[in-house]
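Right after this note come the structures.
Each of the next two complexes has chain A plus one more chain, namely chain B in the first and chain C in the second.
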Partner chain A sequence: MDHASLGWWGVPLAVLAGAIRVSTPFLFVSLGECLTEKSGRINLGLEGTLVMGAMSGYATAYLTGNPWAGVLVAGLAGSLLGTLHAMICALERVNDIAVGIALMLLGTGLAFFLGKPFIQPQAPQLPAIPFGWWSSSAQVRSALDINPLFLVGLALAPLLLWGLRTTRWGMVLRIVGESAEAARAMGYQINRVRLLATAAGGFFAGVGGSFLSLSYPGSWNERLSSGQGITAVALVIFARWDPVLCVWASLLFGGAGALGPALQSVGVTQGYHLFNAAPYVLTLAIMIATSSSRHRLAGAPAELSVTR
Partner chain B sequence: MGNALRFSRRSVLKTMTAAGGLGALGAGLPWTPAMAKTLVIGFLYVGPRDDYGYNQAHAEGAAAVKAMPGVKVLEEEKVPETIDVENSMESMINLDGASLLFPTSFGYFDPYVLKEAKKHPDLTFLHCGGLWTPGKHPANVGSYFGYIDEAEYLSGIVAAYASKSKKLGFVAAKPIPQVLRNINSFTLGARSVDPAITTAVVFTGDWSMPVKEAEAANSLIDQGADVLTCHVDSPKVIVETAEKRGVFCTGYHASQATLAPKGYLTGAEWNWAKVYTDFVKMVQGGIKPPNLVRGGLKEGIIKTSPYGAAVSDAARKHADDVKAKFMDGSFVIYKGPIKDNKGNSVIAEGKSHGQTDIALESMNWLVEGVTGSIS
Partner chain C sequence: MNVMSRIVPQPIIPLGPADGAPAPGLEAVAITKRFGAFTALDAVSLKLRPGTVHALLGENGAGKSTLVKCIMGFYRPDEGAVVVGDREVVIGDPRAAQTHGLGMVYQHFTLVPRMTVLENLVMARASVPAVIDWRAERRRLAAFLDTMPFTVDVDAPVATLAAGDKQKAEIVKQLYLDARVLILDEPTSVLTPDEADEMLGLIRGMALAGRLSVLIITHKFREVMAFADDVTVLRRGRLAGSGAVADHTPDSLARLMIGDSSTAVPVERRGPPGTAARLRIAGLRADDDGGLPALHGVDLTVRMGEIVGVAGVSGNGQVELVQVLAGQRAATAGSVSIGDEPYRATREEMRRHKVHCLPEEPLRNACVPGMSVAENMAFRSFDEPPIARGRWWLDPAAMRRAALDLIARYRVKTTGPDAPIATLSGGNVQRAVLARELSREVDVLIAANPVFGLDFAAVADIHAQIVEARNRGTAVLLVSEDLDELLELSDRLVVMSHGAIVHETTPAAADLTVIGRCMAGH
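Right, the complex of A and B next:
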């Protein structure tokens, strides 16, 4: 091995770097979905929101030259889609899952349509903070080039947990999610609370999308998301509706996704399809290990249509 | 009363079909000089046409056709390899009067293009993939493909001169023969310069997976690869990642030079502009295009990207010498003895497989010097 190569050390490094690089969209979408589901509604449309966020963020960054403006616009586009979901679901006898699927198709379709002229141009990218300045190894330095959005996501998770647990707004949100009748009896407007929760969730998911197009992999095209939004929605169940657990789940998913390419690049080449499937095998295993036929999932808001 | 109505309706339909048939017969023959006014040509792409990759290469060809006199070009993007291909072609034929169609994705051929060709025997369908077999497939279908691995061999030579770590990285989609052939030719080209060079391959599993492609590129660079190349639908993400990490890259499908002004060395490109304008000239001149067109650098079906600034004079000279041999047809890439990366002899001493050799079409091995496996 020559000096430039890390050999087997490359695998844990790649998993760590992958966890940091790949996890951010998962993190934002799952935090957003966590918030929405805590209010008693599922927004499956976040895949569409993610793609729409990626497109609108990239387009805005390209047109204005400012990537942070892209992040903002992506968030706003996301909350617009979230508001739409909440407003449709506020109508009588509307199923939130069906609306979510419709919005997923609408979001991706709209993003593909509007994003056509932005596939080719290169937009300015979000700057990364070089946390690896202390290392002499180029690989470590590159792995520790951390995007500020990742840090924002990390800070957001405990903040959300605290907010949901101790603030008045958080408690209202949880009452609405646990028992709509109790909330109604107390005089809270259920639809308004859910609208705000879904719009905020959409904002987060939109920001997550802008990370895809403005940081990593850092370009807009139609296969950019390849189902990450849906995976992140599933991560919320996996994380038991706990924002801090969402962080760990996202990191785990990001790291597991990096395992396949990393092993192949050091020469473990047999069975790479299996390594590529690692994140999904992992989810299945944990879901089976923690599920129970006797009681409903711990932490699940009681008003969710899937657990009711 | 009812009967009379039914009879009259049927006869009306009959007359209409007959008239329509006659009309179609008159209007449909594409290479009769009487029809030489405007030739309507339809292009179908499987993805977006500005993807810096496979589809852009075809769209550049279509753009060259558009500039020719007496043609009208229709384009449709993102046509999946499903019955949608038939529907798109039907609407191009029926609504716009297209008489020459270019369904450009490999997976369009069977059954969609074949079905449409049987349904419209007087129109011409030219498919990208080189899949036409005489006797088995309709005569109004053509299929064309290029030996792009010749350009990959040249890229390998240039990469070898640029590499300091003697380690090259290849991000590939799936281990199918065309992809393996590109990986092998790239590696053979590099090892013709320095036999110590190795190529590490990462298969991502599908043609377009931006996040996984970026991960693969990063892992390869972390493992010391200092020249990257790829065979995926859109090399954009890989080329951008290489440039960001400060390593070299060579391109594929189309030129990605603008994405990596510092690190782009050269690349293997399709030259569909020449192929398509040739086809259209034939059809305009009343000549039936050949059913099977294949070729490499010599036939002008593929080309190489202009050398980047980082390419040394020695590399340019070496690559240009080999290119000249490709141009006069005297160079053979797959000349024995060649071993695979497990140590088995795959091409014996004294045996050689020229580009057109059908044995190369079922390649299922990786050449010595490649780190990777196909299963």
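Right, the complex of A and C next:
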């Protein structure tokens, strides 16, 4: 079977498959950013963390031969960058957004610098789970080849939601993000909570980066990320700081990103670049639709510097 | 001095009113606290007897909040000791105070606004289980509340509670944390007199039952006389006097507070208001923060030389009305005009029409907390000479000079013009903003709860200034939750309810039952 046999049905299928594939890094970065922002800090450096995760994951997978070791190292690299962000922000008169932008540049720059030797070699890839084994259509089968990381992300979202609502650390995190004053009166250490939240957020973003280099597109080069890290920040706002809504938002963005290639595969080449821009147009449209000059965003942690 | 008690967080089991040992006493011994070169407290001692209510009095900036914060471990005193019961304790942070049975309700609310009362209370405990069983916690809290004279809706987000209920929730929180010594920093300034009486009565009842020892900071003599057993008075960081309330009168307490300095004499309103309308509001509508309509067509006129008082229960649109007039909120319909010109509250219009504002919660609504007193005082004048040379070159020396002048004239207590305004005491922030707004020529004055949290001398002072401004021909819109203040100052009184003006009268003809009914929305 080939493309033609499915005809136009190939488009929704490809969009679905793309949504699942393209959404995974969005999902991890947005969950990480959601966690960080819940503590009252915004980390714009996750774009750099993502690229750094992609590079370090790929390099580790290549050097050890084990792609899962790559995922772990990517996460650790991410939490290292997150820790750095939190430590700088804990100083007086430091703005978290400015630090984030600096770390974004640092992360990407460092990744390009350290990753030069790994552009050529081929590292082992993460295995996918063939959920499409029952189908005889190659297209269906390839669409349903789902990476376990996606499933991990899916499970992580409700787990985070539960954790934020019913565990001590989740509640403390939210209190710190809602009212530093109240947290201080309760005797919680604000900077330490934010450090842990930013480090954990960085871990997720790093893992999201390893998906880029170890699964899809599945190689390491300097054009690997096209702003997913930044888009994920917008996505968190769109998802109203709710981890489960982050899943849907990621799928939506992933699907939008897959629209261009999917149309191309059935022979629609007109406006290819326009369709490729779909996620960005979507970002803009969503930001405009959900913003208001008159009242603050519902659900935004009150301590967040951009919403205060 | 070195009885360093090990602080072990213990699970807190709420005690019913009957069980448990009687509440301990509390003693602060010769506490000294300096902020840089400034001595906020100079060897101040205070003795709270077990099972009594003790009032702490003093002018704005006398050091009351600083003293209780030293006791609570919020600040570390430079010298002195704290004794709970008969043991000297070293309190390093508020959490340690909790383990000694000390609980404090701060001058401003410290509950997390967007979380429920239940969540706030459980999370304030010294030990919270790693995974919280909300249903079980809710049952336990409900059982605890059954033993309390208070009722609070535990599932309501704190932000949706009225000020009185918020204050109750703060107190319930301390009782739930098993506080046996309760410290309240101006707990009644956000409450109506009825709410205050109810709350203080309940607290006094618990003290009489031996369950609590209470230290309460207030500016209201009436509350001291009615609810306190003992009183301690501070003046400029020193102990000015203490003793049983029974041995004092409001006059003797006032003398202890301010010493020999005199208070402002009340100024009479002179002459009838002018006839020319100065501020005209017609059909004004505006939305609140949540995008819901808060003002439903407000019509109001203030003439020259007239004080129009706006009465009403807080949360009926007063905040939004003041914000629209101050340019902090866009109107959705209607018009505001000054003289004959439309007014949209731009900086240029405010300057031309000499419109000045005293919003409520000035630290939040009219100041930049991290900027200095001098800078905050220059917000109206920094872009004109003499502070701005040639209209754009800032002259910091001129700014400081202007600030020093205002600080002296309005008796703002601060360590200097360069101190961040957030370090001033609550009452002195109010004075600083007042100095900025009233020291210039004023044609229209919009004031919201202008004496909130001020000591009696400051209240007299500010009321005199407002009436003087009126006598000079200023149109004054005075929004206040204190009906007595409005009846005393206003030429005309209107009642606001559900975002509209529902009643108009004069203080002389005012019928309190009618006003009360209108305020309640009937």
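Note that the second predicted complex is superposed on the first by the 303 of 308 C-alpha atoms of A that agree within 3 Å, B and C clash if a C-alpha of one lies under 4 Å from a C-alpha of the other, contacts with A are read in each partner's own complex, and residues count from 1 in each chain.
The definition used in the following text is that contacts are C-beta pairs under 8 Å (C-beta built on N, C-alpha and C of every residue); 3 or more make two chains touch, one makes a residue touch a chain.
Note that the structure is predicted; figures quoted are calculated from it, not measured.
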item	value
Superposed partners chain B and chain C on chain A - clash or fit	fit
Between chain B and chain C, more extensive residue contact with chain A	B
Contacts of A:272 with chain B and chain C, given as first, second, both or neither	first
First, second, both or neither for A:223, with chain B first and chain C second	first
Which superposed partner A:182 touches (first chain B, second chain C, both, neither)	second
Which of chain B and chain C A:302 touches, first, second, both or neither	second
Chain B versus chain C as contact partner of A:174, first or second or both or neither	second
First, second, both or neither for A:122, with chain B first and chain C second	first
Touched partner set for A:258, first chain B, second chain C, both or neither	first
Contacts of A:22 with chain B and chain C, given as first, second, both or neither	first
First, second, both or neither for A:92, with chain B first and chain C second	neither
Where chain B and chain C come nearest after superposition, their Cα distance in Å	36
Contact residues of chain A, present in both the chain B and the chain C interface	none
Of all residues in chain A, those that touch chain C in their complex	166-169, 171-172, 174-175, 178-179, 181-182, 185-187, 292, 294-296, 302
Complex contacts: residues of chain C adjacent to chain A	93-95, 98, 106, 108, 110-115, 119-120, 123-124, 128-134, 287-291, 330
Contact footprint of chain B on chain A as seen in their complex	2, 4-7, 10, 13-14, 17-18, 21-22, 112, 116, 119-120, 122, 139, 142-143, 212, 216-219, 221-224, 226, 228, 257-258, 260-262, 264-267, 269-273, 276
Residue ranges of chain B in contact with chain A within the complex	47-48, 50-52, 78, 164-165, 167, 169, 200-205, 208-216, 218-226, 234, 236-237, 240-241, 244-245, 259, 371-373, 375
